[in-house]
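In the two assemblies presented below, subunit A is common to both, partnered first by subunit B and then by subunit C.
What follows is the complex of A and B.
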């Protein structure tokens, strides 16, 4: 048991991969490196898939690219609606990034979403986007007025929401990834054969993609509420 | 695990923004552009097809019109021809009739003429015969005898 706890802690610890010797040494963590790998793969794949596209007689590659883009943007558009079209690229990017981050553990990488810094950054970006959207679409005055709706007495709660929303986004994602990782490690310890595969389908793939969906869904819900 | 590190926080934000821009440039924009292009192409083709359809419909109506005109013309021509033919026929028949009548009249006149001539000839012959018979009788008898034999002679001659 002692051994397991130590192993788990080591697995969970996001190690510093290297240090950039500027500003007193910037420590680059594993999660950032894995994110770079994900980015590189996504960008190269995009370039490969969208190379010399045509209007008709399309190649299989182009068909795949079109399918991916239309399906993903379709999912996001379905969540945020016609009004929030401007946010679709960002939300789709986040969906893809979180989705891949959550299941990249299967390929032997450490999931970036297992690092609290990544989920905090995602949640902060989400809430900044939500409030910025509110200010952009409503104007400062209406945006401020929105805090007193539906009645003035809920104003403190509305202000509190600005902080609780990103916190819940961040912690939900982080907690799910962390929790499923710990459970998977325990299952692997108790029954090393067959059972981990079955549970991995749920915890790693299903839950991973579901959390990506939930994160984007809630963000688009907040944006939709704000620009209404 | 739970340590919050500003460097990595900021780097994650930067990473996401870079990824967003890169995906926008390399994935979303090209694919959406190609889809929009295809839509435009399809719209164009649909428009062209509609225009062509309208044109074809117009031509069809025109053809139907001219076809009806032709049918009309045909009917009129046929009617005129029939009328013409009828008139011609009537004329020919009338002509033939008149000609036939003429021929008949001519023939009748001819026959009358011939008849008259024959009668005339016969009369002349009879007169000759009478004269002949009379000469013969007169030469042999006289009085009532003469009359009777003259008469018998005549009858004999005439009966031949």
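What follows is the complex of A and C.
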């Protein structure tokens, strides 16, 4: 038990990989390096898939690219609806990023979403986007007025919601990734053969992708509510 | 001290109770909905999975806190 606790703490700690000597030393954490790897893979894949695009007589590669783009944007569009079409590219990017970073643990990397800083950053980006969308679509006056709806007495609750929404977004993602990771470690310790494979299908793949979906769904729900 | 830590962790995990009840109710209602309208099954399934993922979050919070209690206080 002692050893397990030590192992877990070691795995959860995000190590500093190297330090950039500007502004008194910027520490580059492991999660950032893994994020860079994900970014590099996604960018290279996009460049490879979108070379030599044609209108007719499309190649197989283009067909695959079109399939991926249509499916992913279709999922997000189904959530946010016609009105929020401008937000679909951003939300799709977040969906792909969270999805990949949740299942990248299978390839031996440390999931960036297991670092609380990453999920906080994602949640802050979401809430800034939500409020900015409200200001952009409604104008400052109407946006401020929205805080007093439906009746004036709920204004404190509405203001509080601006802070509790990102909090619950980031804690949900972090807690789920952390929880499934810990459960997987425990299963690996008790039964090291066969059983971890079955459970990793649920905890690593299904739950990881589902949490990415939930994150994007909630963000699009908030945006839809705000620009209504 | 160890006993107290164990009791605290156990109490934290009680949060899973709410998730269990919530998911149970949601699944029951979804079954009723499918029985009434079998053609809407895929839509109902998507909504159910989403609702379950949201309800499960409370259980996960309890679990994480129980784990923190055990690991941090030791």
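In this text, the second predicted complex is superposed on the first by the 228 of 228 C-alpha atoms of A that agree within 3 Å, B and C clash if a C-alpha of one lies under 4 Å from a C-alpha of the other, contacts with A are read in each partner's own complex, and residues count from 1 in each chain.
Here is the rule we go by: contacts are C-beta pairs under 8 Å (C-beta built on N, C-alpha and C of every residue); 3 or more make two chains touch, one makes a residue touch a chain.
This structure is a prediction, so every number in the text was calculated from the model and none was measured.
> Check whether A:26 is in contact with subunit B, with subunit C, with both or with neither, and answer first, second, both or neither.
Once the two structures are laid over each other on A, A:26 reaches subunit B alone.
> For A:65, is the partner it touches subunit B (first), subunit C (second), both, or none of the two (neither)?
In the superposition, A:65 contacts subunit B only.
> Once the shared chain is lined up, is A:75 touching subunit B (first), subunit C (second), both, or neither of them?
neither
> Classify the contacts of A:89 with the two partner chains as first (subunit B alone), second (subunit C alone), both, or neither.
first
> Under the stated touch criterion, which partner chain does A:37 make contact with: subunit B (first), subunit C (second), both, or neither?
neither
> First (subunit B), second (subunit C), both or neither: which does A:135 touch?
Touch partners of A:135: none, neither subunit B nor subunit C.
> Return first, second, both or neither, reflecting whether A:55 touches subunit B, subunit C, both chains, or no partner chain.
first
> Could you let me know whether more residues of subunit A are touched by subunit B or by subunit C?
B
> Starting from the residues of subunit A touching subunit B, keep only those that also touch subunit C in the other complex, and list them.
Shared contact residues on subunit A: 9, 178.
> Subunit B touches which residues of subunit A in the complex?
Counting only subunit A, the residues touching subunit B are 9, 12-14, 26-29, 31-32, 35-36, 38-39, 42-43, 46-47, 49-50, 53-56, 62, 65-66, 68-70, 73, 89-90, 92-94, 96-97, 112, 114-118, 120-122, 124-125, 178.
> What residues on subunit C touch subunit A, complex-wise?
49-50, 53-54, 56-57, 60-61, 63-64, 67, 70-71, 74
> Per the contact definition, I'd like the list of subunit B residues that touch subunit A in the complex.
1-5, 7-13, 15-16, 18-20, 22-24, 26-28, 30-32, 34-35, 37-38, 41
> Where on subunit A is subunit C touching in the complex?
Residues of subunit A touching subunit C: 5, 8-9, 168, 171-172, 175-176, 178-179, 182, 210-211, 213-214, 217.
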